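Worksheet for the structure shown next.
Chain nomenclature is as follows: A, B, C, D and E, assigned in order of appearance, with residue numbering initiated at 1 for each chain independently.
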Amino acid sequence: TKLKFTLDWRFEGPAAPFLLAKAKGYFAAEGLDVTIDAGAGSAGAFTRVATGAYDMGFTDFNALVEYDAKNPESKLQALYMVYNYTPAAVVTLKKSGITKPADLVGKTLAAPVFDAGRKAFPAFAKSNKFDPASVKWQTVDPAIRETLLAKGEVDGITGFSFTSVLNMEARGVKESDLSVMLYNDYGVELYGNAIIASPKFLAEKPKAVEGFLRAFNKALKESIANPDEAATYVKKQDALVDLALETRRLKMALNSVVVTPEAKANGLGSVTEERMRKSVAETVAAYDLKTTPDAKELFNPAFLPAKAERMVK
Amino acid sequence: MKKLSPKTISRLAPWLLTLFVLVCWEAICRGFSIPTYLMPAPSQIYTTGIELAGPIMEHATHTLLTTLAGFAVAVVVGAVLGMIVGSSPVIYKAVYPMLVGFNSVPKVAFVPVLVVWFGIGTVPAILTAFLISFFPVVVNVAAGLSTLEPELEDVLRSLGASRLDILRKVGLPRSMPFFFASLKVAITLAFVGSVMSETVASNVGVGYLMMSASSSMNMPLVFAGLIVIGIMGVIMYELFARLERRLTGWANRGQNAAH
Amino acid sequence: MSFVEFENVSLRYSEGGPKAIEDVSLQIEEGEFVAVVGPSGCGKSTLMKLISGLKPPSEGYVYVNGRQVGGPLSIVGMAFQAANLLPWRTTLENVMLPMEIVEPYRGQLRARRKEFEEMAREQLKRVGLGGFEDKYPWELSGGMQQRASICRALIHKPRLLMLDEPFGALDAFTREELWCMLRDLWQQQPFTVILVTHDLREAVFLADTVYVMSKRPGRILVKRQIDLPRPRELEVTYTDAFSAHVHVLREAIGRVRES
Amino acid sequence: MKKLSPKTISRLAPWLLTLFVLVCWEAICRGFSIPTYLMPAPSQIYTTGIELAGPIMEHATHTLLTTLAGFAVAVVVGAVLGMIVGSSPVIYKAVYPMLVGFNSVPKVAFVPVLVVWFGIGTVPAILTAFLISFFPVVVNVAAGLSTLEPELEDVLRSLGASRLDILRKVGLPRSMPFFFASLKVAITLAFVGSVMSETVASNVGVGYLMMSASSSMNMPLVFAGLIVIGIMGVIMYELFARLERRLTGWANRGQNAAH
Amino acid sequence: MSFVEFENVSLRYSEGGPKAIEDVSLQIEEGEFVAVVGPSGCGKSTLMKLISGLKPPSEGYVYVNGRQVGGPLSIVGMAFQAANLLPWRTTLENVMLPMEIVEPYRGQLRARRKEFEEMAREQLKRVGLGGFEDKYPWELSGGMQQRASICRALIHKPRLLMLDEPFGALDAFTREELWCMLRDLWQQQPFTVILVTHDLREAVFLADTVYVMSKRPGRILVKRQIDLPRPRELEVTYTDAFSAHVHVLREAIGRVRES
């Protein structure tokens, strides 16, 4: 079966499991002929799947919540929660004295308007009991937000933890000089990126979806076990990437948002009903959505591989 | 029914065409039920546009001013550079490859650099608008000058006119049709440049508006932004077209003659 | 040294190409009225370009006013063979062109524009173009364009007036009127005139000296002094002395063509 | 030391200028110790470029082909549209505002739509390159046609030539200088378009390379990408310049003449 | 009905503007050789434009070949007052132009190009332009351009040949040669010729009928049959009958100008 799959971003460390699964023939073993394309952001990837241009994709779960709230009749569903935590984080320089969320009051943060961290910031503020309106935002392109922080022109940024930390390092700021406030560490319940499928594909080729997830799950576990090897598949896909950098990125992603306590307890890819409800509610509040979608509509665990296969240490 | 005079027809034509395009667009959106988040129908865009007219206008004004500033610089710099390039074959040969190379490069790549140097906001947007739009002016002015009929040049040379005189009295008037053609291209590029820069780093402007609308999946608003830019572009064009008609009527004499 | 002096001048339009004129030597005194005749394509216009400095000679030397010609001179007024009016200027503006370039008029233009324009209108009226001041060149007939171009050559009272077949597109009567106009201007305050023409009567009536050029490559074959008394009236054209001159020149050209 | 001939100078000039710019750039980067992540020095770019020459060339080839495809479509469509627009005042009036409006809009906004219809990769890139680069061609061809001298048109009209004949025999040759001027602008825009589209929706091409390099903080590689695009732009320009010299030599005759 | 027929034709170049020609009625038979004379600016070229269909009359009707003229006709060959050679074509290519437009040559052009080119070369040689086939128009002298333009009007053997001051820039000998060439062509196989000229000898030598036009607005004042026997040799110009005709016409024009 042919299957078109879109990533949320470019071929980088976190995309390793997908590329590994393809390169090692795990997809082929399920009878799938998978094409993996790079994306240019969660929103774009999301649209690609929503419009049926792509059969499946790897995108931000919260975008799905927002989309579903605005298009209640959509049958778009998440099937495998890859990032158990949202990678969103507030990053500041330690020397600026901002070390806890409350220190952000009255400060200026830089991020693109579509940044997941920026959009979910009200949830972060609420969990930490300060007024989200008390910070000022500076809208910038992803490419320069870290530059602005490094130059001290803004007090902090929001972004994916693993991306921003590495970007800051490239700008000569060591990880030890940064304070990284991962949302989930500060009381936010949001989920991160999930694998989603277009309604049409889901309805017509359920077997293919199941096979895809099975293959992916296998690859993900392998990646967790041996991230160094997994990262080489990124290099194979795109000769230009810096292998060391992507390996680090992959490891950071796996450690901070994939292999979480919850994932260790319940297995990779799954969600708990309780947290899911809270998470959706948080999103609805933070994004200022008019309706609250049904959590059961949003995540469909039916295609997940057996729990035993998904367990990690 | 009265027959329409050719003048009325040509006055109505752009409106009719616009209407026609809008109707087709609406029909396609409805007919194929294209989802809103992909491509909203004009009616939806209109509703959203009216609803949010206030903020849209604010952002649009900002973008317009930025664009005009960048465009003005581009026209001046472009015309001067074009004159220099167009009147000396050696400079032409020397400068052109560099200019072409520079202009083949997407200007977005420079916006971060500009932002870091000039801070976020209007200055990088003006500079981007300038950088993106001066090239067509250079090319066309240079082309106009270098295709100047030597016979006309000789009229001035025979009077002992200086190179500057020749440029002013023959070169520039002769290049006007080229110059105005380039303005039409340049103004559209200036809009593209400033909007692009606004999407990269700004808290105001249509570029920002579109980014923020698209991040909250409000596609009708994104398209409303696009359409507002388009309309501003048309208005600017109309202004130049008037100026052009006054200044290059001589070159268009064939069109006006009653044949 | 004479006012205009050629020393063994040759010109090739392209390197290694054929000579357009070959080994021309001549002297023209200040205030002399010279006519140049010769078969079509023999290099008369080329000669004009050499004197006015529009082209440098390939070989030999050209001196005007005691200095070697290195480029166009501002003491020259030239009416080209094609009228070469600037299409973006009205007739009056075309005639005013030299005033905008040549000193001392240029410096005084701002202060005395009215006065200069009056001069230009006056001049236009004298060639029969009163009432056409505000027309554009393409609204004039061929002969009218030619007359406007004569006005442009005269308006700044050049010390050296060069006319390249100035009356070719005019009917006999208009032509004779303009002969008389030119004669009167010259008589009032002599300046140097070089007139290219195909009309031998014109040459003899107006000139002090007539040069006959050979077929390509152009050389000077005959130099004939016209010793008819000045001032000459049109009646002189019916005299035998006049006819004799015309006849001799005609013979000379006839021989040139056969050779 | 030998004195250089003007020809050698004009051959060396572009290289010298490029060298000069590179040296300045290097000096600025070192002098102000500008951080690499902001603006790498040419030497760094060079090192990176050599190191990764293989993959860069692969991506570059892809971009080049994409760009050329889009550009070719743009030239054809642009020229045809320009002809239609330029030869009928009514269509001119009707179509222009719409075109200007459309072109004031950043084309990036359409890339997602194109992706949905055509998938990511080559097709959207070609289309973007086309969409962004056809407008200058339209404008210039139309300007060339509408400023055609009616006198030349009359030559063909008097033979009973059809409108198409007139277009082919006079309109198009006369518009060549305009057309070539627009090609220079269009090819640079085509590069911008395809690269832009590649940054948003592709797994290959210089645009993808630059995005991927910039997300892994490899700024020298980003700039190497930019420079490769620039070089490709220059090469394309050089090709057109040659073609132009052959086809519009007549219009540039003043430049070549030895005056 | 005659071959060319004017019924009370007037023409205004601009609506509400002055009349260029007024209330002209005339008949020209097939095979007739007509000359039109009149003062400069009287509307002779305008008359030509009306006959060839380049301009529609403001009032009255123009018939050619039995049909009302609604636009340019392909049976016409026209040499304009200005040579109007296309600058991007060599002399030969310029002369070949009608072959590319007018049937039946057009259809046979591919098969018989060599042959047609030979015809064109032949024709060029006959006007003294042998060896200049591959020159561009700006490399020709004024008189040579004019001769090339005559070739272009003749080459496709038009049924109606219109010559607007075709010999104005030529010396007397070349001119007389071309008179004879034209006479021979016409004598061999009569076609209709309308010749505008300022040279009354030319008019009388060549034409069957001479029309004299009044000052602006042009009206036909005199129609004079020239009853000199055919074929005419150049010697006829020295006869009294010839001089009488010239004299009468000269008188008529003199009267016209004074009125």
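As a convention for this text, a contact is a pair of C-beta atoms (placed from the backbone, for glycine too) under 8 Å apart; a residue touches a chain by one contact, two chains touch by 3 or more.
Source: prediction; values computed, not measured.
J.: Give me the step distance from chain A to chain C, shortest route via touching chains only.
T.: 2
J.: Which chains, taken as a pair, are joined by the highest number of C-beta contacts?
T.: After counting contacts between each pair of chains, the winner is B-D.
J.: Cα centroid separation between chain A and chain E, in whole Å?
T.: Whole-Å distance between the two chain centres: 84.
J.: Any idea how many Å lie between the Cα centroids of chain D and chain E?
T.: 48
J.: Whole-Å distance, chain B centre to chain D centre, using C-alpha means?
T.: 16
J.: Could you tell me which residues belong to chain C and also touch two or more other chains?
T.: Residue numbers touching two or more other chains: 54, 82, 138.
J.: Enumerate the residues of chain D that touch no fewer than two other chains.
T.: Residues 38, 112, 116, 150-151, 199, 248, 251, 253, 259 of chain D each touch two or more of the other chains.
J.: Give me the residue numbers in chain A that touch at least two other chains, ranges are fine.
T.: Answer for chain A, listing residues that touch two or more other chains: 47, 51, 143, 147.
J.: Looking at the complex, which residues from chain D come into contact with chain E?
T.: Of all residues in chain D, those touching chain E are 151-152, 154-161, 165, 169-170, 173-174, 176, 248, 250-251, 253.
J.: Would you pull the chain A residues touching chain D in the complex into a rising list?
T.: 4, 6, 9-12, 37-38, 40, 44, 47-48, 51, 53, 143, 147, 163, 166-167, 170-172, 238-242, 245-246
J.: Which positions of chain C touch chain B when the two form their complex?
T.: Spelled out, the residues of chain C in touch with chain B are 49, 52-54, 71-78, 80, 82, 84, 86-89, 97-98, 100-102, 136, 138, 156.
J.: Report the residues of chain A in contact with chain B in the complex, numbered from low to high.
T.: Result: residues 43, 47, 50-51, 66-67, 70-71, 112-114, 119, 137-141, 143-144, 147-148, 151, 153, 287 of chain A touch chain B.
J.: Across the complex, what residues on chain C touch chain E?
T.: 13, 37-45, 81-82, 128, 139-144, 147, 164-165, 168-175, 198, 200, 250, 253-254, 257
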